[in-house]
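For clarity, chains are labelled A, B, C, D, E and F in written order, and residue numbers in each chain start from 1.
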Amino acid sequence: MNNEQCRILAVGAHPDDIEFGCGGILLAEAERGSVISLCLCSRGEAGTNGSPEEREAEARKAAKLLGAAIEFLDLGGDCRLDSSAANNLAVARTIRKERADVLLSPTAVRNQHPDHIVVSQLCRHAARLARYGGLGELNEQSAHTIKHHFEYAITPEAEPPNDRVSLRIDIGAKFERWVELMECHQTQLRTRRYVDLQTARARSLGLEAGVEYAQVLFPTADFLIANLDDLPLSVRLF
Amino acid sequence: MNNEQCRILAVGAHPDDIEFGCGGILLAEAERGSVISLCLCSRGEAGTNGSPEEREAEARKAAKLLGAAIEFLDLGGDCRLDSSAANNLAVARTIRKERADVLLSPTAVRNQHPDHIVVSQLCRHAARLARYGGLGELNEQSAHTIKHHFEYAITPEAEPPNDRVSLRIDIGAKFERWVELMECHQTQLRTRRYVDLQTARARSLGLEAGVEYAQVLFPTADFLIANLDDLPLSVRLF
Amino acid sequence: MNNEQCRILAVGAHPDDIEFGCGGILLAEAERGSVISLCLCSRGEAGTNGSPEEREAEARKAAKLLGAAIEFLDLGGDCRLDSSAANNLAVARTIRKERADVLLSPTAVRNQHPDHIVVSQLCRHAARLARYGGLGELNEQSAHTIKHHFEYAITPEAEPPNDRVSLRIDIGAKFERWVELMECHQTQLRTRRYVDLQTARARSLGLEAGVEYAQVLFPTADFLIANLDDLPLSVRLF
Amino acid sequence: MNNEQCRILAVGAHPDDIEFGCGGILLAEAERGSVISLCLCSRGEAGTNGSPEEREAEARKAAKLLGAAIEFLDLGGDCRLDSSAANNLAVARTIRKERADVLLSPTAVRNQHPDHIVVSQLCRHAARLARYGGLGELNEQSAHTIKHHFEYAITPEAEPPNDRVSLRIDIGAKFERWVELMECHQTQLRTRRYVDLQTARARSLGLEAGVEYAQVLFPTADFLIANLDDLPLSVRLF
Amino acid sequence: MNNEQCRILAVGAHPDDIEFGCGGILLAEAERGSVISLCLCSRGEAGTNGSPEEREAEARKAAKLLGAAIEFLDLGGDCRLDSSAANNLAVARTIRKERADVLLSPTAVRNQHPDHIVVSQLCRHAARLARYGGLGELNEQSAHTIKHHFEYAITPEAEPPNDRVSLRIDIGAKFERWVELMECHQTQLRTRRYVDLQTARARSLGLEAGVEYAQVLFPTADFLIANLDDLPLSVRLF
Amino acid sequence: MNNEQCRILAVGAHPDDIEFGCGGILLAEAERGSVISLCLCSRGEAGTNGSPEEREAEARKAAKLLGAAIEFLDLGGDCRLDSSAANNLAVARTIRKERADVLLSPTAVRNQHPDHIVVSQLCRHAARLARYGGLGELNEQSAHTIKHHFEYAITPEAEPPNDRVSLRIDIGAKFERWVELMECHQTQLRTRRYVDLQTARARSLGLEAGVEYAQVLFPTADFLIANLDDLPLSVRLF
């Protein structure tokens, strides 16, 4: 990517998905000056714990810690998201508005919350639609082409099969702030040990790569390089 | 990788595998100053066309064009390669001797010449063995850890399933010299149109990525990055 | 298949999908006397280049070159296609109307335009629905059972993993006319080099199989044979 | 294939593999005049029931029923087969000697007897080696290129994943003779109900395809066709 | 599971899916005292044979033989089922109402009736939604967490790839009653030999496992155990 | 399994594989009275740290903590293991001698130490060979059939794709003793943080399943059950 400020759009289905799935990465990006926007496709209305108002407040608090803008899309609400062309277009509108260089969205691995899978599909498709010139309802904003689309896994089960190449991002320097970020979602921590789960996962992913903690992103496209010099480090420790 | 000269070791089963599968990439690397070594695990003794002497001469001519060192390992000869611990160690010895930063080897996709699959496995395993300190028979050279291991596909059929992320290397600027490199293997071009096949493949791989010609490498390990800024371009054209 | 004229229905999401993905095959089929119908699920309304009217005109021009009938289904328009039961039924109606022996539709490989994936699913399902007797809204036409359903890949990325058996169709004798067919879609060639991409792909697919140019179809069902004599040639060249 | 007599070489690891896995197919081929050769890579020396002499006699009896030639390769004996270059060459020698048009061998699905997997690999590789001109130890016979290579599954568990296209061969007319063929292997039927298992499998495979009984072959290569007319029936019943 | 009576909810798309896909298992469960409920997502309105009234009557007759409750969900009718959030919620309501311990639903393998795939997805998602406390429209019933979710395959083609671990359930003692159960669906047996197909499949699945007849279920989640003693028998016969 | 004492044979390539990959499980099994034997296929001769004597001593110390018997097979030594019929037989001899009910061996996932893959294959095959009556060189011991074969993953990368059903074993009550067990391998902990890696992994695997720590086994065969009551708990938490 060029040397300008990188614009990152992270999309989640529920108010806590982004922080759990790639919060440490966003903290690292924020520090190096990337402009970060969060887009949430529900207010977590279906959760056993926390009212939609509480959950929105928790997400806004986390966004503030991140120094990120935040938007809530109304696509019908938690557990009511459909993988439809209309929703593809709604997400494409956000991509255009944010002029995102990098799009982060959940993986589509099937054994997870249906909303995660739907949002994964919406983002994958929206990234294409955002660049087509003939979509009248999107024309408030000019067409826009993202540079990268990576997927994050909200839970360990949502990680794609391990024969796919992934990107480990060293979040060791941001670990405490990432825990703080996750702990913004107090209502969700009442009955599930999400923070423990995510930190154990990040510990395992990091130690495999020779660092203290790492989060992981999954590329959705090939890379084009001019020389092997353009490549980051390979993880070849164990 | 650091800014020092990059040392690349490309391993092939037969005298023409490397030029067909990743010759354009090596030309690009040679130009930017990488030190290149070729290691061939046979002299193509089993081929219908070309004596082993002719084929060795063709390979040496190609190596010269590349400015590369060349070594022939005797592992029993063409069509007689076995995936054995002894052969793993023989390749590991070469890796140590060359102090390779980058190892390039064939893919292990099953529908191809058995020697290609064997050499793929030998290289995958040798890259580990090269770094272990307790292997007496390798001790002429100190243990060595490579930085990257990528696989190249000798034919289109040898490319792994296309849901795996690959690296496209722009070889447009080297296209004519790559053809010249492949044409060193005159004996093999008598009955098979390899050059046509490879250039059509490189054209298709390149146009998909928005360049004139590309060859492709398949990573064997995850990447570790500090920031998304560390990443090369994504191929997102069609 | 029996010796009667074969009826082929090719379905595409956008006005150029069919010509790019299987145009050469249709030219070969037309020559041997097959009756060909094209069914397009949009007018390409979302494209950056070309108005819907221009794109419809381009598709009609290509159909004329093919000697094929052409139908435009209104399923909401380009980028607005949904994988729904209602749309399954709409495609089933076309299958019944055309009394198709062979159905050709896009693959469902996930890394492509969402409309391609949707049309793939619609066709797969419609082929079943067309044969059920109890669907009132389809009863203008009697139930109909197709004989074959094959998928074509609109781009190289849309080809399924290469461990699946595919059918290569020799289109060498039709190459120039196929280029002419693709060039009907002038508006789409302004910013993307589709013709170059498709011809490079067909060249690579053909040379692998020992012919000049080939396109490829992917079966969706097993074959039933009485003897091994019933089988076409295997591609066993490299 | 051309109209001449078809030469089929079926290879098995143990004396009963071929009859169980593709015996009905061979009966149908024999009837239409194909020349059939069986090649067994052991005498079943490791079996709990039946001496090697008894098992060889059973295999010879079955070959006689089939009107097939039979050869026993000595590759070390039952449970002692290795996937080695030397064994690849031994099978290649048989392929050359038999001038096989069609090669039938076991699948390589991993959850089966190790000898089945080894013989699968030997055959896959031998089919290539048979055609290379430079292999001195094979030169008693001139190089030979097979036309087709299909795999058969010795047990239901040995069938590859069902998203791969397979060939169902109608063996209804040969059912009783197939049972007779399998029953030649009396020593093996003492403790395992192989005949029941195979007939239930053939019944299920057949009824799915609309016939009484079928066996199944798995292609190892793409098919090249000139027209869709060249294709056998698709199985599209349920 | 605890020692209390087990509550099983089997969901099907059409009136005969459950009996064909897991009827023998339900008979075995009924005998040991499990409480069984059937939920059908259509009345088979699209079938060539049988009116919706006849088909409902057939299903009720089968339910009576099973001693099972039966419910018909109206989700738009046969061939009109959509994979939507609204339908997920409808199935979740049934799961809550039935307080199911075990949920049985069709597999999502893609080469089958579209309704089977849709119902598979609805059940997978509904099992999650049933346990969330914040879904207003489900609040007539309190949130409910199932203990197990298994998938059954309606046809042999609907079985997932055979490298996935499955559960074989011995239905030998229930075989005749299972045939009787399937034969309740007389309208469907006029043109397709479903009973023959299913019994041949159950025979093959059973003999592989050393019993006379078996049906198969596919787990959707990992198992948690305290000791290896907690595990059922492994199938290790052939 | 029956109520008698369960006999468990765990096989590893190197002296520390078993403790790292399934040590916690073995501790739980030892406590409930299972008889445990360890079989190591090398003395870790190739390691950078620790002499073979030191490593053997570490393994014996760990075996003592486990109350397990321990055997070292000489198959050529660390990094020199081959997947051969002869080695299959050597492992089969150990299975017979130990009269194992349960066999535990490494997974065969390809991105790991070559010895791990070889030992995985040896064990898979040996489990079959152990039960065949006709293998003369094994006849010191009568033929023996194991009841279960499960695979353990030595590193996180060695876990098979997560769409396979796995068994999570709760090792929370054994956590401290497991750490102690791993710490027997002091020479290996000098340069790699294996204990940290394994405990982070067990923490993640456990929290996903609702317990403090878990290790995981991968079944190699289907299960046969009479009733759904025979099944352990499903992991359905997140």
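Here, a contact is a pair of C-beta atoms (placed from the backbone, for glycine too) under 8 Å apart; a residue touches a chain by one contact, two chains touch by 3 or more.
Being a predicted model, the structure only gives us computed values, none of them experimental.
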Open item on the list: Same or different interface residues for chain D and chain E, judged by whether over half of the residue numbers are used by both?
Closed with: same
TODO: Just give me the whole-number Å value for how far the CA centre of chain B lies from that of chain F.
DONE: 36
Task: Touching two or more other chains - residues of chain C - done: 83, 110-111, 163, 220-221
Open item on the list: Once the touch criterion is applied, which pairs of chains come out as touching?
Closed with: A-B, A-C, A-E, A-F, B-C, B-D, B-F, C-D, C-E, D-E, D-F, E-F
- [ ] Spell out the residues on chain F that touch chain E in their complex, using ranges where they run on.
- [x] 1, 6, 8, 25, 28-29, 32, 34, 102, 127, 145-150, 163-170, 209-211, 214, 216, 219-236
Open item on the list: Show me the residue ranges of chain D that touch chain F in the complex, using the header's touch definition.
Closed with: 44-49, 76, 78-83, 110-111, 113-114, 118
Task: chain F-touching residues of chain A, taken from the complex the two chains share - done: 109-112, 155-157, 159, 161-163, 192-193, 196-197, 200-201, 203-204, 207-208, 237-238
Open item on the list: With touch defined as at the start, can you tell me which chain E residues reach chain A in the complex?
Closed with: 83-86, 88-89, 108, 124-125, 128-129, 131-135, 143, 220-221
